[in-house]
Structure formats: structure tokens, C-alpha cells
Amino acid sequence: MTKPDAFRLDPANYPFSILIGTRYGDLDTNGHLNNVAIARYFEDARVRFQTELAGGRRPVGARGLVAAVHIDYLAEGFYPAPVFVTAGIGTIGSSSWRVLEAAFQEDRRIAVCETVFVRLRDGKPTPIDDDWRALLESKRVEGPG
Amino acid sequence: MTKPDAFRLDPANYPFSILIGTRYGDLDTNGHLNNVAIARYFEDARVRFQTELAGGRRPVGARGLVAAVHIDYLAEGFYPAPVFVTAGIGTIGSSSWRVLEAAFQEDRRIAVCETVFVRLRDGKPTPIDDDWRALLESKRVEGPG
Amino acid sequence: MTKPDAFRLDPANYPFSILIGTRYGDLDTNGHLNNVAIARYFEDARVRFQTELAGGRRPVGARGLVAAVHIDYLAEGFYPAPVFVTAGIGTIGSSSWRVLEAAFQEDRRIAVCETVFVRLRDGKPTPIDDDWRALLESKRVEGPG
Amino acid sequence: MTKPDAFRLDPANYPFSILIGTRYGDLDTNGHLNNVAIARYFEDARVRFQTELAGGRRPVGARGLVAAVHIDYLAEGFYPAPVFVTAGIGTIGSSSWRVLEAAFQEDRRIAVCETVFVRLRDGKPTPIDDDWRALLESKRVEGPG
């Protein structure tokens, strides 16, 4: 278990954020927010972030397919307080890019998430076009790189 | 995006497997199995695998907390065919262990998952006891190491 | 609270049935199958039943919109046993029809469900065509009427 | 299909309300809010309403079991606008009570819900105690009765 880099744990480093309400159905038998429910929060923040980035047109699917989701769980989450999720762009490759996210509840860092998107055409990785690349570049997470 | 190791893509290398029925509600707006829904399949297989390993007592929570879930998505999944999920133990540390899983639908490899469990006592990592370690060792995924 | 009619509690009265696997994520904080999770089982059985009835083309949406779902919960459900769901057609109106369902787990009747579908064209109720009506008539639940 | 009573469609008649954020995962293949997802909104509002009514102690389970959920769907719901859910108490019996709810999105009435709770002790219906009855009476939906 490796610790997430420090820059990923500071909400000030992310260009996008949203407050997501928790739901009773997000709890599991242990009485805390289920880890798959937390994956749902990251998905929702990611869709909203990239939709905004694309100027209101939903880019997921049209523009990129989720190739990987890596979540590190740092602390338990509870109900009914909302979860604050931050998002931004990580590294950008020729046909793929990464969305970095972090989730906070009250004063606790509950999880970080890294999602790899791949741009596909006819089922094959295809270069990201310049317009989308420029938008991605404009919303990088502030980090060491 | 790194490719999963070849041994993780062969169901014969895993000691546990289960057929999970897909549900209409697992589909997203693109008409394929949503990536968070696939995370649910991995969770369910993981709980069933470790419950069986623990002799019917559910070990999740009592014995270990999910510290990380890393999923690589390899191909789209569809409805209504069921998904075949395989599971086994990966590396075992002093206070943590990994569950490796793979999901197949018909002749397609749709995803692989690696979950890190940490044994906690009073909120702190604590060594895995010998009995549980022996059980984990008995269900390793056949691999290179 | 009115008791469901006796004919709705006998699986032999339904023309369609399916075994649905429960998932760990279907449990709530009380450790039993959550009532919304049970609504998901009914949805899945309903989609499969009507898809089969339509000859493999998914009729929901194309043919009818869900106008009402009424579920009566009769007993607690548990994990990890599967749930057996039965389905058939209830009353048929000029532009709407009802799907009746029942859910069983081991020897317990856990819930019954009645779903009203309305056939819409341009957002307005429109008469069911003769072909679909004949199919619906062929799959009525055996009852008192 | 019977129309809901007019008093159930006016948010001003309900003593409790909450704004619930929609999630991308609430959409189904038709691109609108799935009907089971809407059932989740009603569950969440119900839990929050009754927890507040019980003075912060979650009453569901401890005090009452869900015996029935009847939802009428009135209009399609969309993403990403939030849904406004109102709740209040309907009729109160000797060992059961009803929670009435309505869901609105922007200027549309999307659904109404009626949930029957039964107070159980040792698995049998048992009279509602006076304290809980007084609390329930204090939060009735304004209606014709």
C-alpha cells in the first residue's frame, strides 16, 4: 500500500469541485459509506467536470472510454454529511489522459481516485485532437510536474 | 496504461470463481455495463470468496478493511449475459493482503481487479494472524512468483 | 396495509421466472436485502420477461413507460442466497397493462410487485397495437379473473 | 392508472423537504432518471425526514419496517439537475403509519410515493407508542382529511 502523493490530498490543487450528497443506500452493513458507493461519487464528479470542460456536451463515451479506475481509500466516510469531491487533469498521453480526484468529508480525506480515459475510434486508440488537448491542459491538477 | 500481466487473464489460474447475473440497472446511457457496476461484481465475488475462505464467517470488516481497489477495463460488457468472475490471493504482507480478480463475459476478458485489504485493530494496521495467513496462502493465484 | 391476493403468492400461477443472484451491495445497515434492491430484482425480471415476450427486442421504452410501481414487502430477504422472481401479465387496458411479479427466497415469500406500463406516442397515451396485445394476453398470470 | 390526489402534488403541503443531487449512475439506457433511482431518492428523503423527527436517532428498523412502497411516475427526470423531494406523514393506524412524498425537478412533478411502515416487536405488529404517535401527528401532510 503506497501513500498517495501529498499534492493529491490538497483540495486547493484541483480546478474543479462539487459537493455530493450521500444517500442512505450508500451505506453498507458496517454502517459506513461503501467503497463502491465512493466510486459512484468519483464517477459523478468526473462526468460533471468533463462535461463542463467540453462546454456542456457530455464527452464521456463520445470522446473517451474509461480504461482504468484506481481508488485508494484513506478513511471511513459516514452518512448523512455530504462529500466534497475535487477533480482535475493529470498526465496527458498521445491517445489517453488521466483524471485525478480526491474526496473529503468534513475534515477527513476519505479517498483519492485516478481514472485513465482512452480516446477510441472504431475500437482503436486514436490521437487526442488539439482542441480537447488544449482544454485538458487548461485544467491540470497543480502538482510536482 | 499498462497491460495486465498475462497470468491474470487466464481463469485457470484462480482458485475461486462465480457466475454473476447482470441486471438491467447495470447498464449506463451507452448501453454497456457501467464501470461502477463492474466494480460491484468484483465486490460481490470478493465477499463470497473470502467468506468461503473464512469458513462461512464474513471476514470483510471484521478482519480487513478495503484500502485500495484498482480496476483495469479491457472490453465492453453487455446485458443480459452473466459475467464470470474469478478470484484468488495475490501478495501477502505483514498486515495486508491483495485479492486478484478477473471478469469474463462469453469469450471476452472484460476487466481485472486488484484489491488491497489491511487488517486493522483500533484503527491501526496490525499483523495478520497465522490462521488467516495460512488460509490466504492456500488460495494464491497461480502466477510468476 | 392490505394483504396481496393469494393467487399472487403462488409461483405456479406465473408464466415466467428467473433466479436472480443477490449481491453484497444489496444489503443495508440492517443486514437484510434493502427494499430498493428488491425493486431492482423486480425491474430486472420485468425487462427479461418483456424482452422474451417481444421476441428479443427490448420493449421497455420503445413500447411502454413505467407509470407506477407498487411493491408489498412480506418478509426479510438475506444474502447470499439467490432470489426467485416470477412474472406475468395482469389486467390490460386500452393503452396500458400491468406486470405482476412475486419474489421468493428459499421457502419465504419476500415481496410482490405490480407495475403499470403505459404505451406512449409523442408523450401521449396511445392504444396498444393488436400484436402486442395478443402477446400480453398469452402470458397472463393465472388468477381469479 | 389513477391520478394522485391534487394535495400530494403541492410542495407547500409537506412539512419536510430536501434537495437531492442526481448522479450520472441514476440514468438508464433511455437517458432519463431510472425509476429505481427515483425510489432511492424517496428512500433517502424518508430516512432523513424520520431521523429528524426522531431527534437524530435513526428510527427506521428500530421503530418500523417498510411494508409497502407505492410510486406513481408522472414525468421523466433528467441529469444533472437536482431533485427536490418533499415528505410528511399520511394516515396513522394502530401499529402502522404512512409517509407521503413527492419529487419535483425544475418545474416538473416527476413522482409521488407512499410508504407504509409497520412497527414490529419480535416480528409481530405492535402498537405505536404515544411519543412516536405525537411526533407523527405533528408532521402530517396538509390534505383533505
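The letters A, B, C and D name the chains in turn, as written, and every chain counts its residues from 1.
We take it that contacts are C-beta pairs under 8 Å (C-beta built on N, C-alpha and C of every residue); 3 or more make two chains touch, one makes a residue touch a chain.
Given the structure is predicted, the values throughout are model-derived calculations rather than measurements.
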{"item": "Farthest-lying chain, centroid of Cα atoms versus that of chain D", "value": "B"}
{"item": "Pair joined by the larger number of C-beta contacts - C-D, B-D", "value": "C-D"}
{"item": "CA centroid of chain B to CA centroid of chain C, Å", "value": "32"}
{"item": "Approximate Å spacing (C-alpha centroids) for the pair chain C, chain D", "value": "22"}
{"item": "Length of the line joining the C-alpha centres of chain B and chain D, rounded to whole Å", "value": "36"}
{"item": "Of all residues in chain B, the ones touching two or more other chains", "value": "24-25, 29, 36, 40, 43"}
{"item": "Interface residues, chain C side, partner chain D - complex", "value": "1, 29-30, 35-36, 39-40, 43, 61, 65-73, 93, 96, 116, 118"}
{"item": "Residue numbers on chain D that touch chain A, as the complex places them", "value": "19-21, 23-25, 40-41, 43-44, 47-48, 51, 80"}
{"item": "Interfacial residue positions of chain C with respect to chain A in the complex", "value": "24-25, 27-29, 31, 34, 36"}
